[in-house]
Structure formats: structure tokens, C-alpha cells
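Right, I'll just put the structure down here and ask away after.
So that you can tell them apart, the chains are marked A, B, C and D in the order they are listed, and the count of residues begins at 1 in each.
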Amino acid sequence: MRGALFVLARLARDRSALVGLVLILVLGLAALLAPVLATHPGDVFEIHPAKRLQPPGAQHLFGTDRMGSDIYSRLLYGARITILIGVIAVGASLAIGVPVGLAAGYYHSWASDLLMRVSDIFLAVPQVVLAIAIAQTLGPSLPNVILALSVTYWPWFARLVYAETRSLEKEVFIESTAALGASPLRLIALHVLPNVASPIIVRASIGMGFTILTAAALGFLGLGPPPPTPEWGRTIAESREFLPDAWWYAAAPGLAIFLTVMGFNLLGDGLRDVLDPRIRRAGAAVRTSAVNADV
Amino acid sequence: MPMSELLSVSELSVEFTTDRGVAQVLDRISLAIAPGEVVGLVGESGCGKTTLARTVLGVLPAGGRIRGGAIHWEGRDLLRMDARLVNDEIRGRAITFIPQDPWSSLSPLFTVGTQIMDLMKWKSPRRGVTGTRGHWPALVRGYPGARRRADREAVLDVLRAVQIPEPERALRRLPHEFSGGQRQRLMIAMALLPRPDLIIADEPTTALDVTIQAQILRLLRDLVKERGVSVLFTTHDLGTAYELCDRVVVMYAGQEMESAPTDAFFERPAHPYTRRLLDSLPTAGGEIRDIPGEVPSLIGPPPGCRFHPRCDYATAECRARRPDVHAVEGAHRVRCYHPVIAA
Amino acid sequence: MRALALVLRRLVWFPPTLLGLLAVTFVISRVIPADPVALVAGETATPAQVAALRSQLGFDRPLPVQFVDYVGRLARGDLGTSLYTTRPIADDLASRLAATIELTLVAMALSVLVGIPLGVVSALWRNSVLDHALRVITVSGLAIASFWLGIMLQLLFAMRLGWTPLNGRLAGFPPRGVTGLYLVDAVLAGDWAAFTAALGHIALPAATLAFPALATLVRFTRAGVLEVMQSGFVLYERAMGLPPSVIVWKYILRSALTSTVTQIGLLFGILLAGAVVTETVFDWPGIGTYAVNSIIRSDYNVVMGFTVWAGTIFLAVNLLVDIAHTVVDPRERMS
Amino acid sequence: MSEPRAAPLLEVVDLARYFPIRNAFGLRTGSIRAVDGVSLAVWPGETLGLVGESGCGKSTLGKTVMGIHGPTAGEIRFAGREIGGLGRRERRSVARDLQYVYQDPGASLDPRWKIRRLLHEPLQIHTALSRAERQDQVEAMLREVGLPDAHLDLYPHELSGGQQRRVGLARTLMVRPSLVILDEPTSGLDVSVQASVLKLFRRLQAAFALTYLFISHDLAVVRAMCQRVAVMYLGKVVELAEAAVLFEDPRHPYTRSLLSAVPVIGGRRVTRDFALEGEPPNPRDIPTGCRFRTRCPLVQDLCAVESPPLRSTGGGLVACHFA
């Protein structure tokens, strides 16, 4: 635990990472306290056609949608969906990708090459394309979106861990600890994994943002959880019909997505500098590998 | 300021801001070089010798700031001259540079010829005084054909002088096709081409094997003596200083301690630090003597003479105020209250 | 030599990876869904019709046999027919490919021509106001959902200000021409009216598509330039008094570009992915819209065909990236 | 000090280690013969110097003896037991007695581990000592190498080069090895720091009855530390003799030019009469016969035909037809 507090303290000093941390906390609180914060908790399911498309005002902070439901309340509950998708999809991708990458990276055998070729196949197609195909086949629903995202995102982690493990292997301290008599298992568990952990954490954070964007895209294309689930992407799709008059209808969910993903990206950048001791010592040396690895 | 001096650094102080505080890297350094003189700047890592060399070249690393002092070049203070003029007229023309690491000093993506001719385009001795009236932006300014052909001949001559095999073909090859020793010869050639008055060589042979180092030291000494070029040569290896230099200056923790003609420096060192330094050189099987204590941090360095915490002769004076320059004999000077004068 | 090897290795792995992709799409289309035939037949079909379709399509045969047949037909370019347009999917995709290529190329040009100079400038004037502003823009560029950005641009420029058309690729008839890229054909034909019209239509979608790619390129170029500025030859050139502009725009940029070229290659893939969503927002008649519309109508085979095409284009792009990389970096060519 | 009679602690017979050269397609198109048939022995308590310029194979030899590289040919007998062909698991147990100190100490320490854990690790691997017992030994060793206890809580990158070197040494000595291979232990160190590190090596050699294989390109350091010295050129030993003999009366032409290239303060100047021209040939195509013939002042026809064996000449061994 002491390590985590130490990281948090360092993060607090990096202004942009701090902003990222705050944004994510706001998202977390919004999701957690949705029932309390929402002005019209019922509107997640109830509709009031009479109050259709009212502009933002005292009664309805972000106005009402085409069915007269309060947009602000639905956004709060929508935060739960977003976090749920992000956490489970990235979690699953990590659970599959990290061991695959680690094993393939450390034990070079035909099996490891095969694993990497399989991940290449998934990386050969833009994630959103495969996710669409899977989501469409399984039918639009929350679990299907999560499955589609997990199946298409684990290769990113596998590829990252594979690359980090291979480059780590050439490090002198791995060779020297092996020469000291350490067994391969000990090397992986106590030396390779901790050194691979920080790029994974950084990628997980940026990956959360990326997954949320892709999930919103699926929602927008009608492949996300069906109504009345207050999914942000779908809300934007619904709003198009009523533009430009009901501008708030499209602006609010889009802004929610933007701030959330921005939070994870900023946190990811901050973590990259904090977690890598050599970076801290070398001052502003910029690690380009992580910058282009994703998107 | 006697005209016999080509370069005269006086009371130069340089600071570096680091995340742990401000480091006083140079403390009122004074150093003079006469025309044709090869001066060695010797000291252990962190003593400031590279910072001094780079300050004269005007390429201080980020975070470095000159706090005081002057660098007179033929009577004019480089620190107060117009920056563009110094960059056009002095840097790479009157004063040239030989880097330490031959492997990274040439761009891997351009042929050796392109990079040398680029240097010649701006720094050729045949290029008249440019002044600051450059009407065309540098990027697009042309390279007159006649001068380019003359410059190319000069390049081939110097490449032969530094014993680069097949100079014609060498110009068309990429830097990674040359060995460390050959690359350093290229650097020497590029330093000589603008017919400089002074070459600043920052640890030019540190990255080389001993037999290659010997060849390079010999080549450098022959060429500079032949052309009467003076050299400011920084090194942490006392042996190379002994080989190359007419005079040696030793620095410690940002202060100059002693300056003497080479033979006097090595046979009759007067400063306690110089003596300890020469004593700690490994000798055949004998007892190994080191210097107790550690080099002080330059963030809040010790007052007065910065060697006093580790010096056997240290007294109250040494801790209070930096010693003045004490003339031992002829050009042999030492900055110490208790110099050890040989009988 | 090494360049050849790199390309050959990429070519050697092209078929197996593609075959793997086909296997994945086959699994998605035939294995995952409970009853693939029902999906293909659509909700309105009666059980009898479904049974007839099953034997007609050969879905009753063992999976491996179906797979071989599936790959065989794909090899002949037969992606099956679209339930909606009743035309062979391959033809639909082919006719729409030019639109997607044009959109992606314009977006690519935009992000490269704007992104790289901005990246260089923000590296040279590090921690200046400009640098901080650019960092905020690039971080947000990576955080904006492209479909939402598209809608917001439509809202502002098309609806409120009326500077550009709301969507679509061209109001009138496309200019005659061989490339299928309206902008190019218009220029070739000297038809400036069509050119400005086409430009107006492509402006917003290209900007939407380009923004995240631009953000990535600025960040990447900035990091590349910062790294090159630490290198030994930059110090040497500064010490030898070479004009700063020569050092920056010849030596530093050239070094930073070698790594940026691979990044530009990767961008092409990202732009292709983005095109799917962006085209839908702007009703841009490319393969993206075609694929998405077929989703809504669960015009099943189209999605599979599209996935295969996207994968193939993507793999081809990676191949081009390798070749470009070796062209840019002379060391690759020489060793 | 004549040849001691006791059995050698380490004996290497015709050891070779080749690195395959692969063309761009991954096909083997030849091999770099980094170590090409070396035979030498190290006696208990001795310091054998291994000198030569970069690319001569001295580090590769050290790493092959240590088992970091598998030998291509030849035998490695350590304490009477052939260890070259051992399986990975038995090889690890040898590590308890045979240790290797890396040239770049900072890189040989895991950046994420504090010094404390780094020093505990060897004991955790090779002994069953309790945490407390290990802690005692760690603190004792820290004092032996002259570092304050406070450093236990620092990360490697928070120490100076010299301090990292001491931690690297302490780590290898935790398991009380009998032979330590020192790879360029003083490269990159300033003169005064170098002197303190050499003093430390000598004190530890006495304190723990260590035997050193001292690999270095710095001839002055080797002269100060080693009893016997082997000179390597392009993968082969060209001369091996008592240090005093080798430095006073070098026989092999390469040794002579190597020594003449070293600046001697107060002595003759290299820049006036150093004679060796050219650079070592490319290790990918080594000259036939004697490998030094392309730069050797004594070269004759025989040298291109027959590679001179290492033969005794009274004071030591030399590999030259005409030395």
C-alpha cells in the first residue's frame, strides 16, 4: 500500500496528472452517487412526452430528451454503464493479454511466435471494425459490447507486454541476476513482471479511455445496450434528429465522454513519468514508445 | 590584456539549476591561451572542465547560466558581442570543436561528404566576412560553384593529411561505415578545415582503444604544431595530457588549482590536490594511495578553497577565502596558501 | 538488403495472417451466432424458408468444409450478395472504395501538413505558451469521440454558420475522371466549380477524421524532435556555429522524420477505423457507411466482406510502411 | 613467484565461443569467432589479468566461463569439475562459488529494487538463512565494501558510479564465492575513485581468500593488481607471463606495441615514436595463420600459413614464430 500512496503523492505534483485524477474521481462519484445526485432518478425508465426537448433550466439542468426524460439524470446513470464497460473490458483484456505477452516474450518458442501471430491477426484489423462485426452478430446488449471489446483489445496488451519483455530480457540486470543463480521463474516473477508492470498500468489507463471511446462508437451505431439503458453513445445518436435546436441534447453526453477519456489519458501520461524511476532521474527525457503505442 | 593572448577567460562563473538546487559549477575561473599553445584542462569528472570548454564554445547545456566573468577573444568579449556575429564569425571559423564521442557526432542519415561540405558552405576560410547583412534566410542561401570546388579540393587534402583511406570514396559513405578511430580523424579534419586559431577538443580520445588513441594523439599534435593552431584539450586521463600538452591546468570542483608547463606540472606539482592526484595513479605492484573523502556537492559547495575538506595542509585561511594566484616559477602558478615548493 | 528482407518477411506473413483473419470472420459469422441462417434469412422468414436456405447455402455441411468453401469463394472475390442492394458485395465495396480512400487521403494530408510542423515548433519552443496550448489540444484530440466531434462541427459550421453543406459527397454530378477521387478528377478536368463543391463537402468529414490523427502526429513529432535535439551531432553543429535554421530544418527534422514515417503508416490504419464512424455521421458514400447501414439491416455478409477488405487494406498499408521506412532511412538501404 | 604447484582453481582448455552472423533473412552466413581456442589456468588466491583492446574477446571469455554464454567448444574445469557442459539447473549451483562483476554496475542492478533487497537476493537463492540472519550478513558486507547503512533504502540510480560498483561487488560476495571474474572493474572511474576501488579489491581478496580473473583494457591498472597477465588479440591469447616479466620484457610484437602506446608520465612520449599503424581487422574475416600479421613489424611468409601455437620461452608463453 505504501507504494500506492507514494505514487499518488508524486502524481499530485504533476499538474496535468492531477487534473486527470480529479476527472476520474468526478466520474466515479457521479456513477456511485447517481441515485442521490440525480434530480429525476426515475427518468432512467419513465418518459414524460409532454416535457419533450426542454432547454437546460432550473428544473432540468441539462434539459430533457425526445422522450421528456431528464438528460442530467440519465447521464449520471450512464456513467455507471461507461465505467462498467471500461473496467470489465480492459480487465479482461489484461487478464488475457498480459500472460500471453509475458509467456511469448520470455519463452521464445514456436508457441510464442504463434501466439504473437494470432494477436497480429486481431491487430491487422482496426479494433472498431472487428468489434462492430462481433457486436452485430451477438446482437446489441451490454454483455455483448463488453465481449466484443475484450476480444478485440487483448492483443494490444499482449503486443505491449511481449515487446517490453523482449527488450527487458536484453537488460544487463536480468543477465546478472541469472548469473547469480536465479531460476527463470524467480526472474519472471520478481524482476520481469515488476518492470513490465508500469508500462502495463500506463497502457491500462490510456486503454480505459480508448475503450470508452470505442464503446461509445458502438452505442452511437446502435450496437450498444438497447434503450432505455442511458448509454452515452446512443444518446448522441438519438439527439441528431433534433439538431440544431436541441443542441444541449448532443452536447451534454459528448462532453461527458470527452472529460472522462481526457481524465484517463492525463492520468496515463502522469503515471508514465511517475512509475519509471529512470525517467524521473533523467528529467524531461520523453519516452516516445508509449506515445505512439496506442490510439 | 596583453595581445600575446589569443583567448583570455577571466573570473568566469557558471551555475546550473537542478531539481535539487542551484549548482555552482564554475567559480571565477581564469585561463589564458597564447597563439600556437596546446593547453591541457585536467580534472576528475564533475570538476567543470567540460562546462568551461562548452561555455567558450557558447553551447551550454539547458539549465546553465553564466553568472559573471568575461571571455576575451583577440581583445573582444564574446559574452557581450552580438550573438549572430559570434555564431557566424567565431564559432566554427576562429574556434572549432572536436567532440568526445565519435559515434554520435555525425548525423547517421547524411553522407560524410554532405556534412563536411555543409560545414564548408558556412565556415570555409575562402568565405569572406559575412557581417550580419544576410538578406537571404540561411536555409536558401546559395553556395557559389567556384568556392565549392575550391573547398572540395581543400577537404580532400585535409582528409589525406589525417590518413583517411580513399578520400573521394569516403565522402560518399555514411558515418556508420567508419571505425571509431577513422571517425575521430574525420572530426580532426573538420576542425582544421576552417583554418581556426583555436581548437577546443573535449576528451577526444577517451572513447578510443589505447593503440588508436596513440595514433590520434600523435596525428593531432603533428597537425596543430605544423599549422600553429592552439588547442584547449580537456581530459580526465593525465597520461594523454602529458603526451599532448605544452601546459596543463588542473581543476577541482569548479575551481582552477594549478597551472604549469607540462614537465614542471608532472615533476614538481605544487598544489596538494595535484600531488594526491599524481600519487593515486596505479604503479607496478606498489601500495595504492587514494584521496580520502568524496568530491563535494556543487550545490552549496564548501567556502574558500573547495579542496580544504580533503586537504592535509588546510588551515583557517583555506576555509575562509579562496587563495590568490601564487607564482611558483615562470608560467608555473598555483592557487594555494601552502603550496609545496620543491627544494 | 535488409530492406528487402523486411518486406519479404512481411509478405511471407501476409497470407497466413489473412487466412487467420478469414478464420476469425468465419467464426464470427458462422460459429458465434445461435443460428446463422436465421440471421441471414432475416426475422420475417418462415421456418420452412429458413430450412430451404440452410441447405441452399450449404450451412448443413460440416464446418471445415464450409470454411474451405467460404475461403474459396472469397479467393474468387465472391463476398456473396447484399440482401439490401441485391448486388454482389464486392462490386458495392469497389464502387464505394474511392470515396473512403479520398476522405482518408485528405485527412492524412491535413494531419501530416499541419501536425508535423506544429510538432517541430512545439518541441523547439518547449514549455512556451504555444507548447502548452498545443499539448492541451493534442491531449483533448485523443479524448474526443470522433462521431461527436463531427456532429458538433456540423452544428456549428453547417447549421449555424452555413459555410459548408451538412453532409454527402457532392450535390451535383461527379466530375468525369478515371481516379474516382472527385478533387483530383475535378482538377484534371479543370472543372473548378465541381472542385470547390467537392472541397466544401469533404471539409468537415476530413477535419473530423484528421483531428485525432493530427493530435497523435504532433505528440509523436514533438517527442522525436526533443530526442534528436539531445543527440551528439546537434551539439556538434551548434558548437561549429552552423546557422540554427539549417540545423533545425535539415538535420533535426530529417532525423525526427524517420521515426515519424512509421507513425504516418500507423495513422493510415487509425484513419481507416475512424472513417467507418465519420462516414456515418456525414453520410459519406464510402465503404464505412455501406458497412454500418448493412449492420442496421443485419445485411450479414456485408459486414464479413467489409472486415476482410479492411483487414487486407490494413495489411497492405503495413507493407507500404515498411517499404517507406527503408526508403527514408539510408542505413536500412545500405547495410 | 614461480608456477605454484597446487591444482588450479579454474582451468580452461581450448575454449571457443562463436556468435553466428545472420543475414537479413535470418540465415547463418558465417560466425564471429569471438573466443577462438583459449587455454589458461588460474591458481587459488591469484589475480590473473586478461588484457586486450575492445573486440579481442576478453569479456566474452569471462562470460563464457561464467556460463552466461554457452561454450562452442573446449572445456571449463572449475575446482576440478567440468562445468562447461552442465545443464542449466546444475550450472546455477556453481554460481555459489563462481561469480561475475559487471562492467557497468548501474545496469546490473534492477532499477526497481532497493539496495537492501538486492543484497538479500543472493542469500535467498543459495541459502536457507532466516531474514534476520540475512540482514546481519547484508549489513556486515555493506561495511566491508565501505557503504553506510542508510544506502540500504536507496534505489540504484540514487547512487554514484563508484557506490554502485561497491553494491555490485557486495552482491556477488554475499555467497562467499571462491573465484570472482571482474569485467573492466575500473572503466569510467576517475583516478582517485579508481584507486579506492582497487584498494577495496585487494582488501576483500585477503579478507575472503578470493581468486580474481581481472579483465581490463587499462594496462596500468592490470600492472598494479595482477601477478600474471594474458594478452589477447582477436579471440586468441598471444602472450601469457608473470606481470613483471611481461611489462619489463614483452616478447610478442603486439604486446610490445600495446605497451608502447600507453603514455608513461615522465617517460618517452608516444606522440613522438609510437609505431603501430592501422586498426584490428574485422572480426568477421580474420586473417589466415597468425591474426596479427597484417599489422606486425616482424611478419614473414610463414605467418600467413601457420598459426603460431602458444609456446614456452623461459619467462612465459608467447604465440609467435619469431618472438
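In this text, a residue touches a chain if its C-beta (ideal position, glycine included) is under 8 Å from a C-beta of that chain, and two chains touch if they have at least 3 such contacts.
Since we're looking at a predicted model, the values are computed, not measured.
S.K.: Which chain is most remote from chain D in terms of Cα centres?
M.R.: C
S.K.: So which one's got more C-beta contacts, A-D or A-C?
M.R.: A-C
S.K.: Taking each chain's centre as the mean of its CA atoms, how far is chain A from chain B in angstrom?
M.R.: So the centre of chain A lies 53 Å away from the centre of chain B.
S.K.: Could you state the distance in Å from the CA-based centre of chain A to that of chain C?
M.R.: It comes to 22 Å between the two C-alpha centres.
S.K.: Would you mind pulling out the distance in Å between where the CA atoms of chain B average out and where those of chain D do?
M.R.: Taking the mean C-alpha position of each chain, the two centres sit 33 Å apart.
S.K.: When you check chain B against every other chain, which residues touch at least two of them?
M.R.: If we look for residues of chain B contacting two or more partner chains, we find none.
S.K.: Where in chain C do residues touch at least two different other chains?
M.R.: Where chain C is concerned, no single residue meets two or more other chains.
S.K.: Within their complex, state which residues of chain B touch chain D.
M.R.: 44-45, 179, 181-182, 209-215, 217-218, 221-222, 236-240, 242-244, 266-267, 276-278, 280-286, 288-291
S.K.: Would you pull the chain A residues touching chain D in the complex into a rising list?
M.R.: Interface residues on chain A, with respect to chain D: 171-173, 175-183, 186, 191, 194-195, 277-278, 281.
S.K.: Which chain A residues qualify as touching chain C in the complex?
M.R.: 16, 117-118, 120-122, 124-130, 132-134, 136-138, 209, 213, 216-217, 220-223, 233, 236, 239-240, 243-244, 247, 250-251, 253-254, 257-259, 261-262, 265-266, 269, 284-288, 291-292, 295
S.K.: Touching residues of chain D toward chain B in the complex: what are they?
M.R.: Residue positions touching the partner: 53-54, 190-196, 198-199, 202, 217, 219-221, 223-225, 243-244, 247, 257-258, 260-266, 269-272, 274, 276-277, 279.
S.K.: Which residues, counting only chain C, touch chain A once they are in their complex?
M.R.: 13, 16-18, 20-21, 24-25, 28-29, 32-33, 39, 126, 135, 139-140, 142-148, 151-152, 154-155, 159-160, 212, 216, 219-220, 222-224, 226-227, 230, 259, 263, 266, 269-270, 272-273, 276-277, 280, 291-292, 295-296, 298, 303-304, 306-307, 310-311, 314-315, 318
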